[in-house]
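Two complexes follow with subunit A in common, the first pairing it with subunit B and the second with subunit C.
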Partner chain A sequence: MTDHRLLRWLRPWVFPAALVGVFEWYARRASALGSDALAPPSAAARAFVGAAMDGSLWQATGFTLGTAALGLLLGALLGIALGVVLGLSRRAAQLGSMSIEVLRPVPSVALIPLAMLGFGFGVRMELAIVAFATFWPLLVLVQSAVQQVEPRLLEVSRVLGLSARERAFKIVLPAIVPRLFVALRLGVAVALVVAVTVEIAANPNGMGYAMMIAQQSFDPALMLAWLGWIGVVGFAVNAVMLQLQRMVSRRMGVQP
Partner chain B sequence: MIAATAPVTARAALPANASHPGRHATMQDTPFLRFDGVTIRLGGREILSPTSFDVARGEFVCIVGPSGCGKTTLLRAASGLVTASAGEVRRNGVKMTEPSREVAFVFQDYGRALLPWRTVEGNVSLALEAAGVPAAQRAHRIADVLGKVGLAKHAHKFPVQLSGGMQQRAQIARCLAQKPELMMMDEPFGALDALTRQSLQDELARLVRDDGLTVLFVTHDLEEAIYLGDRVIALQANPGPGRPSLARMIDVKIPRPRNQLTTKEHPEYLQLRRELFAFIEQGHD
Partner chain C sequence: MKRGDERAAMNRLGSLGVLLALIALWWVASNAGWVSRVFLPTPQATFASLLEGLNLTGDSGNGELLAFTQATVGRMVEGWLLASLFGVLLGAAIGVSPSVRAWVQPTLEFIRPLPASALLPLAISIFGLNPGMVLFVVAFGAMWPVLLATVHGFAAVEPRLSEVARCLQMSRTAYIFKMGLPNAMPDILAGMRLALTIALIVAVVGEMIASQTGLGQAILLAARAFRASELFAGIVLLGLIGFASNALLAFAEKRLLRWQQPD
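Presenting the complex of A and B:
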């Protein structure tokens, strides 16, 4: 019984462990042959500990996560607000559809030059791009979620005489919470990707920049350490979101 | 049509009216609820031909008819949820264009009309929040209406944890919390099993008598209509020239309180049942 459970717990780790093993073997062989491009995972782990000890790891992680979170907050708030309006009013949806379809496909990183002109290097530029990138998926998903709110509930709100504000906060928003979480998890992923991309391309801060510096100073071990760490951070953030979603849905009466 | 527009005065002696003598006296000239040539057209086809009738305060009016005869739409028009294609509904002389808090609406699909993320208590509270009742008074009023519908012990449960009958009770409780003077009920017991339906019918009759409510009750069940109603309005589908939607209007003079056994053996009940059944048979030829 306990053996069985242990096996089940171990099973997902088998493949990553094998992969790291093969990579270790391959990278060691490559560096033995005189390559500077690859470092074995063991060296990456040592570089990781070094970065963790001197504090640069936490500083850069904090910067990237904080900026991604703030940008997501900004983009999500605007996206949810507009999505609710467009979802409830067909007239507003018609008014906005053209502008949305034109602006939405603009790749968010293509805004880096514009944002640099407007905000210079630093937090504000990255914030603006993350907010832009997360705004669109949130807007579109929230709009479609609102359009699918049980029409009976909207009738109930009319019969009870709820104000527009009460209707949004007491009927529509709670009704879309499950879909909102799907949208937010997507938004979190987008925010992280865009934040790191902006740091790699332009902003001299955060995890992306640290990885670039490691690469440019021929330190593949440190670069790999950052790469692995970014993956771990993304995994952890998603796990936190899942946990949050479970907690919220339990409080909202969803039976386990 | 002549019978339909005739004012209904037989209800004046109802106990519910007696409890509001002053209010009733002032309303003597304008009927409590007046349907004036209400017409419903959908896609160019007339579903409901011009229909006129009055409802007195405290009256329990049942509307029966086959599916597609426009009875639900008539109810929705009367509550302001939809606008009639022609004609108007006046409550206390004022035209109904928008839903009002004095008019409660009990939907048939209780499973969709309750907020699944709120407990029974929270669902009832929604009506009070909408009406701007201060938070301090809500608990007391929630307990009051939940007691009335027999859900006091289930206040903290979510709708999915309740049976269909209990969910419909919760919806009725929410409507009662609005303190309505008029309650619209759209086949409220249609989806319930026979025993649950009977007990809810009796509870509804008691609630309506205690609170002096006026009720418009749509059902496809003739026996339910006769058992509950002071008056039964029968609609027929496919109206046309010489065939108005409002086919029959029957006063039910069976004494109250009614009883599932004795009322249904009452000669008047049997006779009305026969009359309405014959009418429905006719409508299906």
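Presenting the complex of A and C:
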């Protein structure tokens, strides 16, 4: 019985441990043959501890997470606002549909050079691109959530003579909260991916840039440490959002 | 019926009007100098750059953008095809056996949120700066949605169907082709659509970082040289690529999944 539980607890770790082991062996053999392109995971772990001790790890992580969060806030506010409008009014949705179809497929990374031109390097360019990238999924998901609001609730609001603003804040927004959190979870994942991508491609700040600079200065151990850390941060943020989303839907009485 | 058609046509016209109004706003904003032309070129300048770059003006065009577009689209499609192939193969291999799933899936879930572009530095240090490296990262990054969707599709096979397969003593290959893959098809197609978007993004980022010929490098160089109209022409082309590829796949999805819809 206890054996079984131990197995279940250990099972997820076996495959990654095997991968790391193979990589360790391969990287050691490669560096013994004189290659400095790769480092074994043990060296990466040492580099990770070093970065954590001198504070560069936390500074870069804070920059990326903070910028991603602010950009998401901006993109989500705009996306939710427009999504509610387009969800409530069929006519507005139809009028806007072609513009949305044309603008939405523009890949967010295509705006990196434009943001560079307009804002220079730093927080603002990354904010703009994250906001653009998160705006579209939130707009689409919120619009469809609003369209699925129980029609009787809207009838009630009409009977009560609520103004458009009151209808949005008292009826529609509370009704879409569970779906809104599903959309926000997707938005968080997009925001983090886009933030790291912008840093790798252009912006000299944050985790993506730290990894890029480690590669360019031939420090493969540090580069692998950053890669692993970016994976851990992404996993942790997504796990927290999933918990939050489940908690919200449970409190709102929706079966997940 | 007829009135419905008329109304739909009116709606199309109306939404086209909104789009034209947005372009008109762009025209006014750039021509009246509300926004500096260094950042926002006029629509006509963008259009002229587009025509020249695509060699549509006759003899004066240099045709550069056409070559860049071909390079980017080629990279995206090749990477996407590789991603789809390996994603389905690996996904079927993992998904078909519940015990393999139990051992491997937690690792897959861990890698899922990792940005594909974060693999670029690693790939550069292993393969160097060459087109193959970018193609590898495009394929690897785009493979995840297909792989995870395939695993999910296989895991979600109705248990009774699996029982039927056991009763009929189907071989594992027969099970994969007759039950698993048809059942996973909607998931796989949805994953492939997401994969195409990722392939385009990673191809552009890869071209920017690794200086490979393509639209990604072209728009970065245009921005560095403050040639805003060429930058916008590149962005317009990338938008068109995204739009066309998405529309094609949505159409293919509809055709391929016709058997699901009751008539």
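The criterion applied here is as follows: the second predicted complex is superposed on the first by the 243 of 256 C-alpha atoms of A that agree within 3 Å, B and C clash if a C-alpha of one lies under 4 Å from a C-alpha of the other, contacts with A are read in each partner's own complex, and residues count from 1 in each chain.
By definition in this document, a residue touches a chain if its C-beta (ideal position, glycine included) is under 8 Å from a C-beta of that chain, and two chains touch if they have at least 3 such contacts.
Keep in mind the model is a prediction, meaning the values are calculated, not measured.
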Subunit B and subunit C placed together on subunit A: clash or fit? fit
Q: Look at A:208 in the shared chain and tell me whether it touches subunit B only, subunit C only, both, or neither; answer first, second, both or neither.
A: second
* Asked: Looking at the overlay, does A:189 come into contact with subunit B only (first), subunit C only (second), both, or neither?
  -> second
Check the residue A:158 against both partner chains and state whether it touches subunit B (first), subunit C (second), both, or neither. first
The chain contacting more residues of subunit A, comparing subunit B with subunit C, is C
If you stack the two complexes on chain A, which partner ends up touching A:15: first (subunit B), second (subunit C), both, or neither? second
Inquiry  = For A:140 in the superposed arrangement: first (subunit B), second (subunit C), both or neither?
reply    = neither
Overlaying both structures gives a minimum C-alpha distance between subunit B and subunit C, in Å, of 11
Residue overlap on subunit A between the subunit B interface and the subunit C interface none
Residue set of subunit C touching subunit A in the complex reads 11-12, 14-19, 22, 38-39, 102-104, 106-107, 109-111, 113-122, 124-126, 197, 200-201, 204-205, 208-209, 215-216, 219-220, 222-224, 226, 228, 231-232, 234-235, 238-239, 242-243, 246
Residue positions on subunit A within touch of subunit B in the complex are 150, 152-153, 155-163, 166, 170-171, 174-175, 177, 252-253, 255
Counting only contacts in the complex, subunit B reaches subunit A at residues 79, 81, 98-101, 103-105, 107, 109, 112-113, 115-119, 126-127, 129-131, 158-161, 174, 178
Residue positions on subunit A within touch of subunit C in the complex are 11-12, 14-16, 19, 37-38, 94-99, 101-103, 105-114, 116-118, 189, 192-193, 196-197, 200-202, 208, 211-212, 214-215, 218, 220, 223-224, 227, 230-231, 234-235, 237-238
